[in-house]
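The structure is given below, and queries will be raised subsequently.
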Amino acid sequence: MARVKVNRAGFALDVQLDVDEGETVAVLGPNGAGKTTLLRALSGLIPVVGRVELAGEVLEDSRLRLRVPTERRQIGLVFQDHVLFPHLTVLDNVAFGLQAQGRRDAKQVARRWLERAGLDDRAGSMPRELSGGQAQRVALLRTLATEPRLLLLDEPLSALDVTIRAEVRRELARQLASFRGVRLLVTHDPVEAIALADRLVVLENGRIVQSGTPEEVTARPRSRFVADLAGVNLLRGKSHGDHVKLANGSSIAAPDAGEGDVFAVIHPRAVALFLTRPEGTPRNVWQGETESIDLHGERVRVRVSGQVPLVAEVTPSAVRELHLAVGAPVWVAVKATEISVYPA
Amino acid sequence: MTKAVVAMLAVVVVAGCGGSTWTGYEPLYPPLTIFAASSLQPAFDKIGQKAISQHIATPSFNYAGTQTLTAQLLQGGPGDVFASADAAHMTSVDSADLLAGPSRIFAHNKLEIAVGNGNPKGIQTLADLSRAGLVVVLADPSVPAGKYGQQALSKAHVTVKPASLELQVTGVLNKVALGEADAGIVYVSDIVTSGKVDGVAIPDDQNIVADYPIAVLKSTQNQAAANAFINFVLSGEGQGILKASGFLGV
Amino acid sequence: MVLAGLGLLFFLLPLAGLIFRAPWDQALAGITAPETATALELSLFCSLAATAVALVLGIPLALVLSRTTGNLRNLLRALTTLPMVLPPVVGGVALLLAFGRHGLVGSLLYQAFGIQIPFTTAAAIMAETFVAMPFLVIAVEGGLRALDPRYEEAARALGARGWMVFARVTLPLLRPAIFSGAVLCWARALGEFGATITFAGNFPGRTQTVPVAVYVALETRPDSAIVLSLILLAVSLAILVGMRDRWLGAP
């Protein structure tokens, strides 16, 4: 079991993170959330106020003024854009870490890794001769060859072409599965996170706002970022029995959630649009203005501003029937039963 | 390629400004450019001040090793008056048809051994200069003082292994004054005006007498003023200043 | 365009003057004259030695410079580039005051070991190093700052200690900067005059480098001076042309 706990002042990254051996944790968050800072802190490249522990060994403890330098932490760091040594061949790149360990068979071991990945025909190539995907795969091999205790991946796929991303992702998943050690991956791409991780940790503004399996996290988003990721509307307010009061004063009828701070999630498909004020049962009816209309596949997403800003998902024919246009007024209705409320 | 040329330029530029210039007040009276050997600097600076106060001219001095001045003049450098440290260089300039009139000798100088204050190494004669372990600095033979120094040494049948052949006599003086050299051969005038070194006289049978000629250059803008300046140098007052600086008058 | 042309002319004209006024019939005699060979040999030896010293001392200095920040860095930067703006003769005087027999360090050496530095070939090398090393330091420091720090981070993450990172990652990636810095340094050292004659003096075979020899020859044997200048020019040109763009470009 590995425990990694980091508190860092300065950039206000305040994170307490536990990762088990054999578990892949993806740290997900928007750009600027502090994900790369977290990785660099764990690598020992930037100092930490707090404590970092790996497999029982204290790597850093600011109170005890203890710090194990990067080169002795036995970590593996994979960068976004491979950062292969441009003046060394592919083989020398992969052998580098092994040579740093003093192994005399460094080159043979490196060659075996390349063979297993099907890249040994590129062993003599220079990094600039490789494609983006190949380079990233070599970067991964270079790190795995040293058999680190902690594998840190900084957005390993985001620099790749979308078309090869899937292929590299599959290989990455394969390699990670057979890796014994702690695996921490940071990314802003939810697909990457969900595809590779056992557990998601959502980081925003230097703080962890949510943690859980991918399914848990997307089912109950606790931040705009995750909500956008899951494609749902997320509102925040105070629950007073059968209605929720939002910050701007508007009120939503919702299933009873007692008293307290809550999140309210409304799926876009549950948002109905009308030209005129609708009759009937829905108690949640608001007027708004169409802000944007976007086609997503065969569905249309309509963003409506107003008292309760929401995104609705409708069919293209509905758009025509309702004469929806940007800037035009529109009525919005949501059934209370379609709203899911949970404590914040 | 540019770097080599710049390096070359640097060499030529430095070659050109081996000395210093002294400028007087705003030229109310005819400005003159005087090319003068560097050993003349202390004396000519004073002469220049007098020339201004007596409304003869406003001289600016281009001091450098005589060989440097000669090279400049031969390459076409413009000036009004040339005061050389030996006759040979004046002859070169004359042969190039650059003189407006015949040159005249205005001073003589003799050689003297310069040593550090207090003569710590106890040097008494030219022969002492060949002592082992002594750091002796001479002027390069291309400089008049250097040529004379060689003549004096051969007159005294002395062989010296100099540590350096300085490109200006003032270089020799400075090295001795700084304590980097134990001894050097310079002009009597250099020692008189320096004050930072002591001198050891060279007997007349080993010494040489240097003639300092002065002449007006063809490129002069004001022949009358140039002549007036030379006359002043040759006058009792001018000669007095020269003698006070260690030169021998004419 | 006009201004660029003027600039080019400014460089070319002195060169042309040198070539056209050269006494080609005496050139051969000039080249083979012993004084010429001596001065040339000495110049090459001293300038290469100065470059070697600059490499050994300058690269670590550039490393330190690139890693410091703030006021300390500004101070260090000013100190290392001072020789570039100082008139060479002033540099020579400074060297005398430091390493001469009565100098700060020189006096200790003289009293303890009887070592006299001025007027020796070593002094010529020191003078050249003094004026030329800043070129190397600046070039290498520039190269270091342009270097992506992640290469070194990747190396460290792979377990490489300080020396291995430097020797196998930093240094090879710095090669173009080191090379161009060394060439600039060598060219400057080759052409050095003022500091050399002030600190090392002038003596054929020992301290009379080609620039000094040219100066001496200018009056007595001007043709010889021109020939010497041309030789230096040819040697410098040959080396600079041999150093192709490839070496100056990025890795």
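We call the chains A, B and C, going by the order they appear; numbering starts again at 1 in every chain.
We adopt the following convention: a contact is a pair of C-beta atoms (placed from the backbone, for glycine too) under 8 Å apart; a residue touches a chain by one contact, two chains touch by 3 or more.
Bear in mind the structure is a predicted one, so any value in this text is a computation, not a measurement.
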Centre-most chain [mean C-alpha coordinates]
C
So the chain most remote from chain A by C-alpha centre is B
Measuring from the mean C-alpha position of chain B to the mean C-alpha position of chain C, what distance in angstrom results?
33
Per the C-alpha centroid definition, the whole-Å distance linking chain A and chain C comes out as 55
Chain centre separation in whole Å, for chain B relative to chain A (CA means)
84
Which residues of chain C touch chain B once you look at their complex with the stated criterion?
11, 14-15, 18, 88, 96, 100-102, 116, 118-119, 184, 187-188, 190-191, 193-194, 197, 200-203, 207, 211-212, 214-216, 218-220, 222, 229, 232-233, 236-237, 240-241
Give the list of chain C residues in touch with chain A in this complex.
148, 150-151, 153-161, 164, 168-169, 172-173, 251
Show which residues of chain B lie in contact with chain C when the two form their complex.
1-12, 14-15, 67-68, 70-71, 135, 137, 140, 142, 162-167, 171, 175, 178-180
As the complex stands, chain A meets chain C at residues 43, 45, 69-72, 74-77, 79, 83, 85-87, 96-97, 100-101, 142-143, 146
